[in-house]
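Look for subunit A in each of the two complexes below; its partner is subunit B in the first and subunit C in the second.
Now for the complex of A and B:
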């Protein structure tokens, strides 16, 4: 102990230096809270494609009611909770919402009110997600929860939102995003997206067997129940497998999948692109891609990155479920607006064009449309009444109009596309197709929606 | 490091001198602690917003976990890198019992503590022959193994069978809380009381024969053996006690989170825990509370200030470096001393300025 007594000043100065250094470092860090502003637009996003940069900045004026007039009223606070941790970063979603809000704020806002997004990030810790919800309501005074891209949030916060009368809009993962009264998603999620991929293999590729493999994470049984129901309805055998991620022995996985499926079977993957790519590259390395009837994958595989990384051997061999319109194939007014906003305000959207930013765009757009129907003050009650009242909002990006409604469960996006790699890009091979009601959850949604007079399928 | 440790540890194991049979100091300290505890139990939950109530529940829980690890590292000299996995075991057991039975919550906590104690003691068996880096490595590997098993079996979520996991659940039911502590504020009070009991339990050990035996083992295992101490028994005792309190903390965690996922208990969590325990101070029970605050309150504070909690990894790294180099007894020892020095410095400056000011026209 005595030797330390000789150096109190050293210790104190080291402690101070460490604290100051840490504070400086922390101060330089990216904030876990990002807010939209009415300040001039940021520089164009470098990651956007040629079609993005081709969109003119003037076309962003379509996002607001008063082109070129900055909103200066009291901000309307909106909250979101998003997963952000090593290996799972969903922040492109809220970043796109922020880009959309920036566009709205620069063009009149919502009846003169700018929109301000409060983003809470979590590392898949339930207590953290619950605390984030309370922070948004009690400290940030948000009036709506919009744009939740999170692994757990729908499960953790459902009862809290219900107690407050909040109707969240999300692009989620957890089962409760599609099975509870206070959540509605613009995406399909892993279950219904896997349904779509299996459905294509059964109906279009006429697979005599399905091998469905997914990452071993909580809720695999819930996800696999959909494909199992579809296969059962088609009287086709299905093998359900799970693999721990990260995958360490992709060759073994590839061999097992091919052996299980057989020459007339199809293999359907439900993995994020890095893991799916590892498996598919192992298949290619072993020359197994033609040993089965077809390969399928849920929505996460719908990226040009995957198409480029795999190469031409997979063209029209891998069929990927797509929950939203392919941005490369379509260029209607809404898609142009999406690309223009991304170019002008979306510098923080790291992935550029993609399903995350498309869903972020839709969630922001639907919210603004709902806010436009509010008369009087923007309170939790008035705003959420407007959100719950969303009915038949049309979008080029979705197969069907999007409805919230006072329903026990919400699966408003239940029709999809199928895409396949071709020359390093994903192209559409099948247009809008309803997910089969053989999945009992889809059947239940149609039943509930029908009872409430809500159109729930393709028109 | 050991010198400082011994000095601080000894002050806690020896009662203060009481020449006249009565020393006011012996009453003042418990009175202050009791007043502080009463404030935290009665007043604090009513003052805090529910955001910070949630954070303080986590502080109470992780203080217990840090207490267990501090006991192993600071008192016995056993470096364990598997405490987050032991916590996961406690949470798993508690969740399973809570879903399967309607047992009162205190009994569930006790059962979770006892079952985790048995499992944790098994984990501690290698400690009989290993120490230092090798023990740390073994406990780390065991933690990794438990994490893999939990990733496969998952946490109970109201399903049937031994595992109690229903992978097909469309609605995952919440883990129940005690009927008297269903709200967040009530659960904070409940957690603080349970934490206080765990601290008293450990204090009772530290101040009696086991505490003296652990101090001897930490100083020199050979000398302890020569002195007739059953080192095997006392090492296992330490693992059992640390596992018991960590298991109880797991039971509280199950009730506080209401949902448990395997990815909440990463191997990295055990490493971060050791870092904050070292920073807080391993030779004083107060260090465990500091560790709990660092681990659970600081991220929430940073978050509410708009600073990414990711920076904490760097901050904790610097903190551990600073502690190892200059303050082996941790912040609990260093901060009061540094504040006292700062006070003396300011008083000295004030004295220098005052005469100068007096001479000025």
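Now for the complex of A and C:
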């Protein structure tokens, strides 16, 4: 038997160390969830926002070829992999795709076949993401990968998709979502969206210095390379900073950014909305809003949540890059359909109207359009041939037609808007503007697209 | 320090640094509030409550929900937050406190980690961050304040620091001079003997758990305003406070307060030093490790084996 003198303190120190370690591990804890849904015309759901409510009168019948006729054929299985972990929840994307599929299934389906979405959720673990891909193909027998909203998926699964001849469609984060032949995204992603925000600060605000700050996570070098190239082309100095998240000392961060930028400089943020909000609120509390020329942010800040939470002090002071048309500003037939589907079938889309659900809508819509071109059986080969063949699909939500194509890299969304808060909403202050070819990746895409006869810029 | 040396080390000058001292004091006050709250419960029940942050976060999110979606008066919503935190912590203490009373400190601590994870999961479910959702609590006191140099100090900052100071003084006096406080200290030393002396152990325990919950609710509201209204952030913010408590060897409320202030100030002062900035999250651990090494430098722990 052992006897420990002074044992309580020693044991408690161990207990404390173990407990803190366990808490940290718990923060990175994992669980995975797999769901599949064939959505045969669910009952109308309550809307999530006032804007959605306004659109309920719009018809959802436009999403299918046979209005009011439920699809009863063999389901077409579609797969997606999405990040869902504390602090990073991208499930609004697949939830919106499910809403769109429900609408299609209630209105004739795809040539009578209902669409069934298999959703694999992950917690940023490479092995988990790789296993999810195999699960979708080998067990769920999906014929297409559509609607991936994930931090890692493009990086992990590219070689697997290539070996199977699958062309995934996504709204990605990882560089491989844009730089590989078997992935194309409807969004611009953090690098090109940050490019857009920096470009606005340089061209419209005439900033004499840029301070670009983002989360201290893997891949920041890749993202920062874009803004750095743009600043260099404009002969404007740029300071690149990273901050550990979650941010707990936002006041110090805010002070540091303002000191670095100076009175004629601009600060550009690339964070998730909660983290960006923390910094901007600290700036406001410290009275630092006017100590720099302007504030910018990449697309995640384009949310009415943020505009409402910030209040009027930031109206026309914060300029946010927007990768898709502002749903509050536009109300064409496609936008009406999006709002109507969201109102009728999108009760699980927690964020309501916003870029996540818009990208989900687009990914579902483009897939259905591609499936309509398939003749014969819906196999991996036939469906992915149709996806690869997507060319010049038009949308009110994007500045330019969307093309997949047999290209070494895909940046089909390379023109954007700029929005700013006004009265608790984001409003457009600059229309469609091409991301500068000073970013070498953008330049390379235009070159590759041109060589294959693909229109790659604004017409 | 000579300007040339500062430049060589890429260190900012004192003029550049001192605004960070101001923000560091506010941050330290925030850490102190949580640290003192945890020490109070530990000194009375022997339980290191790791769910302190999660309970406060849950209460703050309920307050946000009431204000923004039910139109409830904000002060009433904050009161609900504080009471909810008190009742939830009390309920945990009453259900699990007695069962765990005689167990190892590691077991007691890990049990509160279980509550933390349950609350974190429920918060993630109820207040998802999907679709760009971001929330904030803005206290009316944010709109009032004063300038120190070029830095705006809000009344909320001052309240955060003042509540930490007040809690430290009141708790220290309460434990030392009041009858209930004495009973709490006795119970922490030996629950069984205290019970045989006629002290109503369960009622004293209940008071300690409820008090800790009330403090976590107050801290939750203040931290939601001063740091962020985010479940994960508020839940894990207790790690810095734990380091302060560890420096105080889980016994001194005053040292916990001072250590928390030092952690906050050092963390803030490192921010403008680019070469160190990304490592400043290590501040609580480095300071705790250094402090424990210094405190224990003359301590001898002897281990003997008997009866093998």
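Annotations
In this text, the second predicted complex is superposed on the first by the 408 of 459 C-alpha atoms of A that agree within 3 Å, B and C clash if a C-alpha of one lies under 4 Å from a C-alpha of the other, contacts with A are read in each partner's own complex, and residues count from 1 in each chain.
In this text, contacts are C-beta pairs under 8 Å (C-beta built on N, C-alpha and C of every residue); 3 or more make two chains touch, one makes a residue touch a chain.
Values in this document were obtained by computation on a predicted structure and should not be read as measured data.
In the superposition on chain A, the chain among subunit B and subunit C reaching more residues of subunit A is C. By the touch criterion defined above, A:90 reaches subunit C but does not reach subunit B. Once the two complexes are laid over each other on the shared chain, residue contacts for A:216 go to subunit B and to subunit C alike. When the shared chain is aligned, subunit C comes close enough to touch A:247, but subunit B does not. When the two structures are aligned on the shared chain, A:155 is found in touch with subunit B, with no touch to subunit C. In the overlay built on the shared chain, the residue A:376 is in contact with neither subunit B nor subunit C. Of the two partner chains, subunit B is the only one touched by A:176; subunit C is not. Once the two complexes are overlaid on the shared chain, A:453 sits clear of subunit B and of subunit C alike.
For the contact definition in use here, the residues of subunit A common to its subunit B contact set and its subunit C contact set are 1-4, 8, 10-12, 14-15, 18, 22, 26-27, 29, 216, 244. The touching residues of subunit C, when paired with subunit A in their complex, are 16, 19-20, 23-24, 26-27, 48, 50, 104-106, 109-110, 113, 116-117, 120, 124, 128-136, 138, 142, 147, 151-152, 154, 156, 227-228, 230-233, 236-237, 239-240, 242, 246, 249-250, 264, 267-268, 271-272, 274, 277-278, 280-281, 292, 299, 301-308. Against subunit B, in their complex, subunit A makes its touches with residues 1-4, 7-8, 10-12, 14-15, 18, 21-22, 25-27, 29-33, 120-121, 124-128, 130-132, 134-135, 138-139, 152, 155-156, 159, 175-176, 179-180, 216-222, 224-225, 244, 441. Against subunit C, the residues of subunit A that register as touching in their complex are 1-6, 8-16, 18-20, 22-24, 26-27, 29, 86-92, 95, 216, 241-244, 246-253, 255-256, 259, 272-274, 276-278, 281, 285-288, 300, 302-303, 305-306, 309, 311, 349-352, 354-357.
For subunit B in complex with subunit A, the residues that touch the partner chain are 3-4, 7, 49-51, 54-55, 57-58, 148, 151-152, 154-155, 166-172, 174, 256-264, 299-300, 302-304, 306-311, 314-315, 318-319, 321-322, 325-328, 334, 337-338, 341-342.
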